[in-house]
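Order of writing sets the labels: A, B, C and D. Residues in every chain begin at 1.
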């Protein structure tokens, strides 16, 4: 039976209709296309009345296929398919012809864009003619979530899921959870102590019955699919047995290697080789830094097992645990396998390396520090116990210059984007400084002040008006050392004058960057990332926490710069998505899966069983099946697709020489029809 | 009418044909093949061969041919029938066996449906045959009631009478007309009995014994024994001048298309495959049997002709050295009792 | 050699090691042989061996009619034996289900076949029993192996197009090329799929180009250069040039030669992260 | 065939859903203009593009084809583009050997973030193919199939 296809051409306000003659597209399609029974145009197809129009016409006209000529299918394919479902039409008879992103927005010439639109609509009506009814695939769900990253995003997400009654596995590559938020002194716009609000959450996560925590651990591999991921976690050798250790501190107090720069303190404080990153660390149990520990160095040099080295055994000797010590020099990495239903990626950010801005003396002058270093200086639990002392000589700086947008909004050297938090934290820094050094003076160089959050503008005004920070609109061209002072050369574009400030310390509001290994990590997870290596959300507006891979969600700064409230909100959103997912025993998946030909006897299948499909399948979704006669003898061995594993890439279909494998939704007839509708000849 | 044609006059003949508006098709050497194809000059014609690789069939039943084209519009489908497919031509230098295939196939193309493509081409094309002065071991025209100088199907028959001279005999009015059109090219017939240089083709089997055997032996182990080596390609049927099965397909874009008639062959396993998946001739021995049965039994029963002219092309071209005359020899000398008929 | 061959066949049939021997027999004319299927020990004298034994008998492994005869022993030349390696890799046969009678071969055909010029498998690489004196297999350079392509690769784009159009125009779509090919083993060839019909079945230039290109492409990384397609083509199309070109590209880009090593991964079923991508922008 | 005053190449682009299609969307979102000669066919992955699709596109009159997907390592399906690359590594030389200008079939990696590269790529393909001119070889054989005379396609000497 031939299909009755309806074509709905959307104006998209004027987004489409300004450069594509939508009426002509509808008219021509109706006039010339023998497959099309009905056409119309509408201002906003995706709006409620638009969707109602679609539903009404499907019913009134008895449409059995629908093409919506509108924006990219990535925007509203789902919307229109859902609308169709309400009329009883199988959603897979609805296709989108992308005449906005591919026509109206890129081809300003009206006749050209219109002609192209007509072509694209024709191609899609032909495809639609061959659309088949498909049924969503049901797969069982493993009721356990994986949260990757133990910063505020990961902790919040894990807690929300765990409180929702589902199991969570949390993986953190550092020795303690906490992330960057644990490093902060106070937080804007309320100036409450970061540690004070963070630590209870860390403890709660650690003690939650539903949360299993792996610190000093990394993701080795992730395979499988939505609802059924197989995850391998590498527990890096900590050299300390977490079950035995009580965190008594005896070991790190005796460690002779005391001059190792503390990562947690951003290099302005020191730690030992066996250490906990910070006093409130969770777990509060140490790890041995095998790079710097003299015992391990010795063992590497002599090529012996670490435990056989006798150079220094102070920590193990100090360990009060008996009879088996909690320290195990020979401990090795361990791989843990877990089954997971859904994943939240919360791997965070890193700060732009300070050496990049040589003209600001970053990495050259000790007293030019980054925002995070200033946080450590200002933190009560930091290396200076919250006293603002400049790193070079420990003097209290009388004049501090804060430079904003270091790296951010600078496509030439850093990143084209705005790091979003720096305006606020710089304002906070000036306040913290002024609170601690009452007669000190804070200068801020800025391009624009962006304080769009709730109470943010007021906060930043307070820094200027109440705390007396001097804000100068302009960029700094150079920072150089003159005696003990740092000379900051900049411009004040409001007065049009050149400014020269003799500062004691300079704080660079460095950009938030994607993690160094973000690209490799994204590849490991098969998720998309953007040009700056931040992980891409499925849709910038409507699917902000979904990654491009089903069942993998994003939270926090791994997706882009954001502040704490936003991160927590996103983490909660991601957690609610995961909870929704884990709330059902079975999941429905898009039925875009491959199928191997099956027929009645005597053919059974056109598949000849060469199993090239099996060899190319990235998901091991192709199995072999013996087609047997009644007496049990094998007539033919052919391929079969496990639709639970199949992700619908179509690799098998294109590899099969006899075209005995086809991909539902993009089957041979559909693609053929699309090509056939080119009508170039 | 009898005339002679001197080889030196060939140029004038071909030029004359061109001047009279004929397209000339003649044997031509193309790398390893001798092909019946359109020529412009007499020099292109190849004489020293037993048989052309392609048969005369393709000038009447092309390997692919559009039989109509259509355009699908919003409310109607318009159909356009091809015209001008029958071009006034002369096939010069085909063999008597090829020519003999034409009247045999006339019967099927004028049967329950008259095939205008065949009929109009038959009218438009004049056949000038050259009798064979040599043959090879694959030739068996004499076994199927023909001869290296058989006249059936030819409008004009040329027989070599010396190294540079052919005896020209017209067999039809069309042939006579052609000779008259180009009278100056031909000379008067020789006085006395010319020395006809005609090959001697050995008789390989008694055709009379074939059909009676086939009548009895639809089921026989020889079918499978002989055809195990058959690879099921269609080469034999495609080079055969009398195999005339075709398939009709539509080749179309979204809004317009052609309905095309293509050669098809009973040796393909797809040939009889039903939509249901059932195949009444599912094995190669059944298909091989079909070929023999069709040529030497069914066609005889229906049209009173053997559907074979003994050209030997199928055997020459067979990738697995299946030899049809060998099969017929076996059949015609089989003295055994037919095997008991079992249900297949 | 013929005697040894017959003796081995007789022994295999007598011992019931195999049910049938696929071999070469006398042909209809002295310059031809034909495939024979010997099922009785007393028939082994029908087996022969000479320079006209062109067939790659492994093609009968894909045919139900010959497979019906039971477990086979197959007489193979070095080139033919490579097919078996591919068929094993492509799950079409199991090694233990066939008995391979390898024959050493110094070239077949009259005039000698093109493939024999740079033959590096005079002694088969895989066999259960070898008939004939073992010959040390020669080695040829990459250039020597694909020398016959040179004159065609040198042609201009237009010349290439014209050459192949002239060749493909002759195609009558008899499918002898794929029927004879031991590696064209699909039950339903893509050309026979008519919903949709990717390859026009007509023997017009359009249908002929897509058929011939696709046939060759489907043998990419698989063809073992037995040249049977070219031998059987009634239209005398140099089909093996296409196969050879693909073999050359496969070797050049993936360092893969089909049929030489049963442990190699099938070239078109795998990839390397550093595969050539010069042509990708 | 009507004589066109100015030749405008007809380009078909086979794009993977995750990278290049999204990249093209991004070009749209950014209102980056490019030449309108391209008709896009979306597939989940470049690994799902059978060379037959390309042949058919030429048969339907394309003057040039672009195949574009994710950069190596970025495939949404892990390895689809690697397999695709292998395929084109042999298919492209095969067509070239048959006398088809390889510039008529182009390949690119364009990620979802590379709207600009999409514009550059498609303009490049259009310009290159415009310079090559209409694909006359294929136009000829496309026309033969619908020619009145079957004989035009028959004998060995119709050149």
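Keep this in mind: a residue touches a chain if its C-beta (ideal position, glycine included) is under 8 Å from a C-beta of that chain, and two chains touch if they have at least 3 such contacts.
Predicted, not measured: the structure shown is a model, and the values here were computed from it.
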item: Chain whose averaged C-alpha position falls nearest the assembly-wide average; value: D
item: Which of B-C and A-D has more C-beta contact pairs; value: A-D
item: Inter-chain centre distance, chain C versus chain D - centres from mean C-alpha coordinates, in Å; value: 33
item: Approximate Å spacing (C-alpha centroids) for the pair chain B, chain D; value: 43
item: Multi-partner residues of chain A (at least 2 other chains); value: 603, 616, 655, 659, 672-673, 676, 678-679, 681
item: Multi-chain contact residues (two or more partners), chain B; value: 30, 33, 35, 63-64, 251, 253, 260
item: Residue list for chain D, restricted to those that touch at least two other chains; value: 56, 60, 73, 79, 83, 87, 142, 145, 153, 156, 158
item: Of chain A, residues touching chain D in the complex; value: 72-74, 98, 100-103, 105-109, 112-113, 115-116, 119-120, 123, 519, 522-523, 526, 528-531, 536, 548-549, 592, 616, 618-619, 647-651, 653-655, 659, 663, 666, 671-672, 674-676, 678-681
item: Contact footprint of chain C on chain A as seen in their complex; value: 603, 606-612, 615-616, 637, 655, 657-660, 668-669, 672-673, 676
item: Footprint of chain A on chain B - complex, ascending; value: 72-75, 252-255, 276-279, 282
item: Contact set on chain C toward chain A in their complex; value: 90-92, 185-190, 193, 195-196, 198, 218, 265-266, 268-270
item: Residue ranges of chain A touching chain B (in the complex, touch as defined); value: 31-34, 122, 126, 599-603, 673, 676-679, 681
